[in-house]
Structure formats: structure tokens, C-alpha cells
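As C-alpha cells, here come the structures.
Two complexes follow with chain A in common, the first pairing it with chain B and the second with chain C.
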Partner chain A sequence: MSEEKNVVSRRSVLKGAAIGGAALATGSALSAESASAATRLKGSTVKWTTRGGGATGDKIAKAVNDAFTKKTGAKVVAQQVNSDDFQNNFAQILQGSPDDAFGWMAGYRSNHFGELGLLADLTREIGHLKSTLPTAAIKGSTSPVTKKPYILPTTYYPWALHYRKSMVKDLGMNPESINNWDDFVKLMTLTQKKGLVGYSLGAKGGWEAMGTFDILNARVNGYKYHIDLLNGRAKWTDARTKETFKYFAQLIPFMNTNFMDISWDGMRDLLLQKKTGAMMMGSWFANDFKAKSQADYDDLWVVPFPQINPKFGRDTIDAPLDGISVAANGKNVSGGKALAEFWASPEGITEAVKAGDTNIYVSKSFDTSSYDAFNKQKLAVLASASNIMFFLDRDARGDFAGPVVGPAIQSFLQKPSDINKILENVQAQWDALPKN
Partner chain B sequence: MSTGVVQNEQYRNSQKRKDFYISIFIGFFAFVWIFPILWTVWTSLRPYNDIISYGIFSWPRHITLVNYFNAIREMHIGVYLMNSLMVTVPSVILTLFFGSLVAFVVTRYKFKFNLGLLLLFTAGNMLPIVLTYIPVFWMFIWVGELFGNRNLLYNNYGGLILVHVGFQVGFATFVLSSYMKTIPKEISESATIDGANVFRHYWNVILPLLRPALAALSVLMTTWIYNEFFWALVLMSDDSKRPITSALRRLQGQYVTDFNLLAAGAIIAASPTVIMFFVLRKQFIAGLTLGSTKG
Partner chain C sequence: MKTAATVKKNRSRRSLSNTDRFTLTAFVGIPTLLQIILLWVPAVVTIILSFTYWNGVRLKDIQWAGIQNYKNIFVNNPLFYQALKNNGTWLAFFVLIATPLGILLAYQIDRGIKGHAFYESIYYLPVVLSLAVIGIIWNFMLQPGGFVQGLMGLDIGNAISIWGNPKINTWVILGVASWRHIGYIMLLYLSGLKSVDPALKEAAAIDGATEWQIFRKIIFPTMQPVNIIIVVITLIESLRAFDLVYIIYGSPTIFPLLNLLVFQNFAGQGISMKGAAYAVILLVLCIVPIITYLRINFKEDLK
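After this line comes the complex of A and B, so read on.
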């Protein structure tokens, strides 16, 4: 026995030595690499993929990539793909012949592929950008398993409570002070009394209602419990999880009955047509208000979801973080890394914004002085939270969030009294997942 | 005599009534059938703003063709139509060539695996092709690696054409062999007596007789392959190499989808097949019933 142990330890020592040696070798190569990187970059071709965005997306990509070419002399071949298709085929794309760098999502969606060795380790690049990035963004881009970043964080947006200021005023309430659960229930009750929908929710795609669950759980049980729950360190059958669903059940009488038929755009239309009091959603739809009229846009407001448990206040927010990842399988990995770093750097951001990018960047260099009232409020909502969740389908593993939690929330909304059975089922499915 | 006339009239009247009900019945289903297309056309003529402000079922405030202009501009229609052409034409020609070869051998010659071979090709039709996605993907990668070029088949027109040929040749074989069975054996016998070798027998004797079947099948195949989206999506990593169906996906945003623009794009993308259908509708209908009388 002891001999066996000795062998193991000797082996691990050897292994350690080998790794140390390799690290030393890369360490010494590093300075040489950065010196020669610029020369190697010049004249090489880097391939770039934009995920959706239409004509504006192409325009932004062209502006940033052209600036990169101007700076480094490397040619960029860019393409735009449909966002859903890219997402659904991501595993195959990465294992085939992927483009070198592309826009992607932080959280499980990058960590998982990074841990499999399909996304390149961006430790060095994130090191270069360290001074411009908030620590929360760096933490959010780093895999908790390998402690390595597989994405360079660029933009994010808040999931928060949206309503129309004019409608809240008509109810005799102050649109600036919907602070706690009682205010919120009062808002919904008064709206419903007018024959409108108190709280609009869509659940057609299975993911829309996750936003409401995320924030309720964080408000009732706190950020830590929520993240623990999504990663198997807390139980779905726990009384605390059930407490969250008790609050969720309180919302159902205020909701539109056709929640299984509408997605986020159906929710947006309810608010746009003044048929609902409030809704929990990502702020990306605000441009549609602007497209209708400036008055509608000015009327739109966003606030943090009301407080439920005073212990946690309003300290947490869902703010999905996007960024740039580099394929480990690409033809020009070092070129991809350089391009990714450029996109996430202050220089790249300036180019993107100049070309019409309306996203909020996490970078400290990002200039928000020209923001309108709604966008400033978005920033304030983001800044008010000290804990950032990335949304359920990025905080939890992919084979659990979409296939298990989504349908579970849908069945809960259809039959809230079944909640115990539903949660037992969710926990059983979590337990049945292959662990690695 | 007179009773006969009355009966005749009664008969004619009841026939008329029957026709009337049948017309209503057919009319109703024709309307159900055409409704989505009409709705798409209707949607494509309305601006996005109208829909989000007043809802889909609202009375239109504006009617405009602007969606069509935008769709053509944003879809880069020339590039993608060319791609569709580059995939569809070789695929159809190769499918018909290989399909007719197999059909020729299994129907004109008698040997041990004759029936088995035909069954194999026909049974291939039953397989849901989507299930083969991962194996096909890895096969493409591995074959590519074998020759030192990952993109030999994957992300290459050649690979996409190969997949289309592979999955369509079964149906082509099935249809062409049924048709070939209707060609009298005596023709083959006299060809053999005249000293035609196997290939000559196929090329100069059977193939010309197959012409109607080939025409019908090629119309059908063109429509199918042109409309195919799945393989192009998963086996082409460069969007610029994908067919027109992919260009439509460009019109869908990450969050916001302008369905009016999308409707206009869909009509533009569908128009080549629709035009082809009207030009060649005789062959098309012949293709649908091909081999249904003898099998």
C-alpha cells in the first residue's frame, strides 16, 4: 500500500515538475512572443463572426475590424450569422473549422466549451485589459473550474422591472418609488382594477419566465443561495426554494392568461399598447418604443425589482454578460486573440460606438455622458446591484436550464398547486445528470 | 319516354347539387391551403411599426413595398441565389445519374441481390435524415483530416452536394425503377441481341426512354434541394457559402425580428420555385404520381 502511494506521489511530483517546466518555458517564451507577435500578425488573416445584428451589426464589425487592420496590418474576413443557428450548432462549429474570433456569451456557455478545450484560454489578453475592466466582469468571464477566462467581457444589459411612468401616475402612485413588494402588489392590483393586465409574462419559449424566477429567488433567498441552487449545492426541494415559488404564485392572478402563447415580443406589445402595468424583462426592447414614437420612449421606465427580504434588499440583478471568445481550433489562434483583445479594448469600443453600437459596455473607459434619461437609468439600475447574475440559462449548465427548468416553470405557471411535485421532479432530473 | 326525361333531369339536378357541395368543400380547403401564403403576402406589405403599435390583426394604416426593397438589400440576394444554384444543379444531375444507374441494374438484370439492393435504396428513404447529422459531421471531418484538409468536405460545396446526392438517390432509384419496369423487356432483349454492351444498353436504349420520368423527377428534386436548409446550415460554417434559405435567417435579429421584412424575404426566396412550378407544372404533377400505377 505504502509503496503504491509512493509511486503515485513520485508520479505526481514528476508531473508537477513537468508542468512547472512547461510553465517556465512559456514564461520565457512570453516576452519573445509578444515581441514577435506584432510581426507575425502583419499580413496574416483573421476570421471573425458577428452573431446577428443585421445591417448595424455588419457596420459595427466593419468599423472595429478595419481599425484593427489599420493598427496591426492583419486582414480580417468577417461574416454575420443568425444568432440562434450559431448558438444551437456551437459545439459542431467549434469542432469543425470555426472562425478565429466571435461574439459570444459569458457564464456556462463559454466556461463549458473552454473546459472542453474548444475555446482558447484568454488569461494573457484579460491581463492586458485588467485596468479597464471591473473585477465583477473579470470574475464573470472566468471558469470556476479551471480558473481561466475563455471570454473577454464587452457588453451587458439589465433584466429589471419596466413600466410606463404615465400609467403609474394615473394610478395615483409615484413612478420613482416602487421599492418593495407591497408597492409592487398595489401597482398590480390597481392596474387590474382598471381591467388591464397587472403583470405581463410570456412563457412560450420557456426562458422568458426564468427572469422572473431568478429575481424572485435572489430577493427571497439572496444571491448566494440562487447560485448554489443552480449549481447543485442547494436543493430544489428545499423549503427556501418553495418560498420563492410562493411569491411567484402571488403574481399569477395578476398575469395575462395567454402566457403560454406569447414570448418576450408579446410582453413588449402589451406594454407598448398600454395594456399592462409592469413587466420583468431585458431592456433591449426599448428601441421599439423609440421606433413607435419619442413620447412612448420617454414614458418608458426601468427600476430594480422590488425588495422582498430586507436582509438582501435589492442587491442582485440579472445582467447577462456578452463578450468575445476565440476558437481553440481556429486557423489563426494568435490572430484571433489579438482581434478579440482589440474588440474589448477602449480603442475597439470607441470604434463600435462611433459606428452606432447602442450596447452598454462594461469597460471603465466607456463614455456614457451622451446617454439619454432611459439609458442613464439603465446604468443606475445596473450600478445599484452588488451581485450580478447572468440569467438562469447561463448560470446553470446547458443540459439542465433549457430542458429541465424551462418546462418546470411552464408547468408551475399552468398549475401552481403542483409545485411540490414539480420541484421534486426538477431535483430528480438534476440528480440524474452525468457529473464530471 | 317522358318519365325518362324527368329522371334524367332529376339526375342532372342532383348531380348539380353534388357539384355545388363539392365546390364548397374544395373551395374551403383551397382557402385553408392558400391562407398562410396570402397572410405572408399581406404581412410583407405592412410596415413593422404598424404591427407593433396596433397588433397583427389591426386595420392597416399604410401599405408599402419598402419591405421588399430592404429585404433584397439586406439579404445580398445575388450571392445566395448563386450559391443555391451551385448546390442544386450538380446535386440534381448527379442524383438522376446515379439513381438511374442503380434502377437500370436492379430492373434490367437478374442477380442474387437484385431485390435486396432495391430494398436497401428504398429503405434509405425511411430514415429521418436529421438523425444522421452528427455521424455525417464527424465523417466529413475525419475524411478531411485523412487528406490533411478539414475543409475538404465540411464547409465545402462538394460535401453539401454529396450529402444531397446521398439522401436523394434512394428516392430517385425507387421512382425510376418503377418507371423502368413499364418499359417492355423485349427492348432490352433486342438490344442484347444486337450486341449492345451494358453501358450502351443503359445510355443509348434505356436513358432516352426514361426522359419523361427524368424530367418530372428533376423538377421535384430541384424544388426539394433548393428548399433544403438543414444540411447547408450545419455543414457550412461560412455563411457566405450557404444557399438562399440562409439569407432569410439574416433578416432575423438576436432579439428583434421584423416579421414584415422576413415575410417579404420569404416571398422573394420562394419565388424561383413558384415560377418554376408554373412553367413546368405538367412535369411536376407527373412527378408526384410517377410510379404510382405500377410498383
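After this line comes the complex of A and C, so read on.
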């Protein structure tokens, strides 16, 4: 993230200064407002959107919102929306009549809309929470352009290598020490010899394989190069990028041949049914293992993606950060901010966990003592990395990640020999993007 | 100098009563106004926006882009040509196979072949379903871990690649789309056939015309109004295809279609006016052949 600051264009600095000025002007009004905020909050209505999560999502939202009502006297009207629809229509929702506060994602997805003035500046709220939040999480929630946070960080999860301990043991390997590329290749080779899938991958949606690309690039070329690449400061046609795809190509022979037909849930099922050696995925699917049986859950394991280039070791991880954002056009912006702050506060987190939230919170107040072995391992995997990436479609601009990089990775997987042509094309499409 | 025709026209206009005039204005004017506001204004705005860079939020961010969006699509984006190919294949398949099949079915059912009521309901059934629902059904049948793969004893790991296999996915998708399209065309044609005077057919048969001759020389020409509707529907259905594929893939990249690319560039995080440019390309592709076709036909009618 810090590299981005150095390369901010003159124009965006000016723009940032202008917005900063405006914020200063409104800031003084805010502090006057904060004195009477508590009284004003009482009896007001705040609208809240839960992004997916089914019955559990509703239960968690109810617990936290009820606690907020009890504390402040403000009424909360909550709704749950389909996560994909909410994402796809986000710009329109924010410009229409959005709910005041909602669960959202850090990175480009909040910075972009914050910079456009559609998400409220949460500098004051993040200030209140400062003592409970790690610096990295605050940095991750802050726009590198305007230097303002547009999201209050709550939960995150690792994208890492998952496998079943029992299967690795059956191969005569130690499940605790899949550390470097050779271990990894050995694991895949031996699994494949048993007639199973060495490395399972889904590429149907166009985003699943981004996780593998992210981590390979970070392992081969390092965190800085990866972030530079996604922000146009390094070239897709660079020999270093091609080197990453050489490693990616080595994985293809180990993959399930129908990768274009399955998505993340197909990958999960492959591991659940003991059909695959390993896969790169976000740990969120672990709950489905638990739902199947405790034995399956106990068998599941997660480790950092193996080392490739010793210079970088295993210092980087994709760990998408989620949080709470507040709509700038909401009916009750101050109420929304108060609710968002409550959700991200130790009190709110306690309520959420009590209601059955299994996510890992970034907050220092978050109690992990009762964690099971898998969750402790998740924490260890997160803690072992010194650089946190947010996943390709949150680290790169939206008109590039989904429409350009996604299909490029799909074409590469189908025809790896075309990689030079594909990368030239990606670079050409980057160059053709409007620069602000 | 006034011609006889204009004189006649003026006279007939003068003979309209005030109530008539009011009714006419209301019935023609209001729909026209709505059409202009809801359709043509957005269409013109889209055309203008396709020559700009904009992220769809603040009006002041709009920047003039010239033909850059189009250049980017035509020169850089391989998905565009795949989409063009897919839409083209879709159109050809519908025109050459699905629509003629629908007509054939309608003709056979109209002749009252044995069990025609049964066939009619069988082919009509998919027409009641929306393409989105059809997508859900067939995806459930054919995806890895789905019903058909399960019957074949294939688990997810070694399931046959169908939707993701470029060699066959086009034909599977077209088959599924035709499943509904054939019934739709059959229904339209059947209603037309019912209105053809059976006396015409009988007269031709008495004169010794064969079945094919009767269809070709008598029924097909009398069905001209229905034919026009069918041609236009086939064209539009092929070019605007979206829901079926979107439901199956959830993304536009494996089986791109022009409409999917419009959607991809308009929805989500990365709103870009490339979406507007795709929409304009699609508009031109839809409107030009349809207008040309209609003009030719109406000219023939005037003769």
C-alpha cells in the first residue's frame, strides 16, 4: 500500500487536497454535531443491510443491532440482500436511496466509491477505534489517494493452501511441513499417481483462479512487484510476469481437466470427497466441512502457499479485509456512522460472536482463546505474513480486474502456449484505460 | 399544384371530428411520447456516452474519449470477436434450423397428424418457462456433480467438461435455447395457420398440387404477416441472447455474447463506457437488418 502513495499523480494530489479541504470545513461542523449526537441518535431510525449470509447472517445482524438499540435508543431497520446483486448494483444503490450502513469490502471497492463521494468519510470513527485496531488494518481501510478511511475493518480470512491431513499422511508426507515448491510438487505428483486430482482449480466464474495467480506472483516476484503490476507501475509483458505464468503452467497438468466447468463450490466438494490433493482457496468454506461432519472438519488443514523464491519466502498472503461502510447519501448519516462504529467495536464483535459468527476479527479485543485447531492455524497463517494483499479484484481497479485479467487467466489456462500474446493483450487493455 | 392524392388526404383529415382528433392525439401521442422518453432519449444518451470515459457516478467526471472505446473493443478485446462469433452462430442456427423446425412442427400439427395435441403440449411447455429458469434447469442437469453426470457415474473430479468445453458448449447452449425457441415459433405459426382458409388448400389439392407445392405456393405467401413477425423475432432473440448464458456461467467470459459484455462493463465495480459502446454496436446490429428487411417487405406490399 505504501508504494501507492509515492506514485500518486499531481492531479489526484490536488483532488485529494480539495476534498481534504472540504472535509476540514465539514469536520468542524461534525464536532459540534458530535456533542448532541447521542441525544439526536435516540429515537432516530438507522437502516442496515446485511450482505448475504442466510439465517445466520440475519441472526448476527439482529443480535448486534438490538444491542445497538439498547445502548443508544436508535431503532435499526435491517434487511438482507443477495451479495452478488448488491455488488453489481452498488454504484446505483449508493446514488439512489441506500441504507445508512452495510457490510462491505476494503481495497479498491471501498476506496473507489469513497473517492467519488458516495461513501462517508469515517476518519472520526476509526479514530475512536484506534486502540483496538492493528495499524495494518487501519492502513488497509484507508484510501491511498485521499488518505481517508471509507470502511471500518472488521473481519478477514486467509486465501491459502488447503488439504486434508489424512490424505497427505497416506502419501507418506508430513502434513505440517509442506513448505517449498518441491514439497508441493511432490504432494501433487503422489496424489495424481493415485488417480486423483493433484491440484484442484475452478475457473468458471473468472475470479477463482486469480487467487492462484496472486500468490504465485507474490512468491516469484514479491509483494511490491505484484501491487505495482496491478496498479500499472509494472508491465504485464515484463519477463518477471511471464516467469510467474511459467510456474502457473507447471500446475496445469496436475489440475482437474474440467476447471472451466466448476467454481469454488466444485473445488470445495472435490476436497470434501477426498478427490484432490490440495487447493488454493479462501478459508470461508471450512464451515461446510463442519456441517458435513466433525471428522471432516478435523481433517482439514491450511498452510501458507509454499515458498518459491527464497528472497521473498512466504512473506505475503491474500487476506481480503471486510468491514462496515456508511453511505454518504443515506437518510441518517450520523446514525449510520454510529451503527458502523458499534459493529466494529469490541462490544459489537462480542455480540456477533455470541450469535454464531465464525469469522476472524482484526480487532485486538477479539478473543481467540476458545479457538479450535483449524481456526488457530488460520490465525497462524495470517500472522506469518508481513504483507497483506486483498485479492486481485480488490487490489486492482474494477474496470480492469474482472473484464480484463479474469478472461486473460481463463484463456491462459485453456492454452498456456499463448501466454505472450495474452499478456500483450492485457497490457494493451491496461494502456487503453482512462487515466484519472 | 396539388395532386389528387393530397387533396383526398386533406379532405379526409378535415372530416375528423374534434373527439376523433382528441382520441387520435391521445392514442398516438402518449405512447409516442413515452417511447421517446423511455427509449429514444436513453438510446441517444448511450450513443453519446459511448464516445466518452465515465465511471457512471459524477457528471463532472465525464471526459471526451473520441473513438477510444470502440478502438479498444475492436483492436484489443478478444472477447468481442468471440461474442460476435457466438451471436452469429446463434443467429445462423436459429434461422437455418430452429425456426424452420418450428414451422415444420406447426404445419404438421395443423394437418392434424396422429397425437397432434400431445406434441403440441410437449413443444409448448418450454415456452412458458423463462430462459433464466431454463438455464437453471439445464445447468443442474449438465454441470459437474449434476443429474446427468451423476447418472453416468461421474463425480466432480472426472465429470465431462460441457459448459467449459469450447468444442461443444456452443451446440449444447444452442440446443437448450432451441428447446424453447422451436415451441415459440410453432405456436406463432400455428395461430397463423389456423386463419388460412382451408378452401384454398382444397382447391389446390383438387388442381393436383403436391403437399410441398401447396405449402410453398399457397400457405407460405398467405402467411406473409406472420412470416415477418417470425423473421424479426428470430433476429432479435439471437442478438439479444443473455439470460440463459448468464444464469449458466455467471460471467461473460467463457461464452461471451454482446449483451453479456454490455452488462459486464455496466454492472459492478468497474463501470466503463465501453459498455455503452458495446450497446451501440448491438443496437446497430439489431436495427440495420430489421429495418432493411421491413422496408423491403413493406415496399412489396405497396406494390
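Quick note on the criterion: the second predicted complex is superposed on the first by the 404 of 436 C-alpha atoms of A that agree within 3 Å, B and C clash if a C-alpha of one lies under 4 Å from a C-alpha of the other, contacts with A are read in each partner's own complex, and residues count from 1 in each chain.
Here is the rule we go by: a contact is a pair of C-beta atoms (placed from the backbone, for glycine too) under 8 Å apart; a residue touches a chain by one contact, two chains touch by 3 or more.
What you are looking at is a predicted structure, and each value in this text was computed from that prediction instead of being measured.
Residue contacts after overlaying the shared chain place A:Asn89 against chain B and chain C alike.
Of the two partner chains placed around the shared chain by superposition, chain B and chain C are both touched by A:Gln273. Of the two partner chains placed by superposition, only chain B is touched by A:Arg51; chain C is not.
Of the two partner chains placed by the overlay, only chain C lies in contact with A:Pro407; chain B stays clear of it.
By the touch criterion defined above, A:Leu116 reaches chain C but does not reach chain B.
In the superposition on chain A, the chain among chain B and chain C reaching more residues of chain A is C. Applying the stated contact rule after C-alpha superposition, one finds that A:Asp183 touches neither chain B nor chain C. With both structures placed on the common chain, the touch criterion links A:Glu347 to neither chain B nor chain C. When both complexes are overlaid on chain A, the residue A:Asn256 reaches chain C alone and has no touch with chain B. Judged by the document's definition of touching, chain A residues 84, 89, 95, 269, 273 lie at the interface with chain B and also at the interface with chain C.
By the touch criterion given at the top, residues 48-49, 52-55, 74, 134, 137, 141, 150-151, 154-155, 233-234, 237-240, 246, 249-257 of chain B touch chain A in their complex. Interface residues of chain A, counted against chain C in their complex, comprise 84, 87-91, 95, 108-109, 112-113, 116-118, 196-197, 200, 203-207, 256-263, 266, 269-270, 273, 275-276, 393, 397-403, 406-407, 410-411, 414, 425, 428-429, 432, 434, 436. Across the interface of their complex, chain A is touched by residues 53, 55-58, 61, 63, 65, 68, 71-72, 75-79, 143-145, 155-166, 249-251, 253-254, 264-265, 267-272, 274 of chain C. Looking at the complex, you find that chain A touches chain B at residues 51-55, 79-85, 89, 92-93, 95-99, 264-265, 268-269, 272-273, 282, 284-285, 287-288, 291-292.
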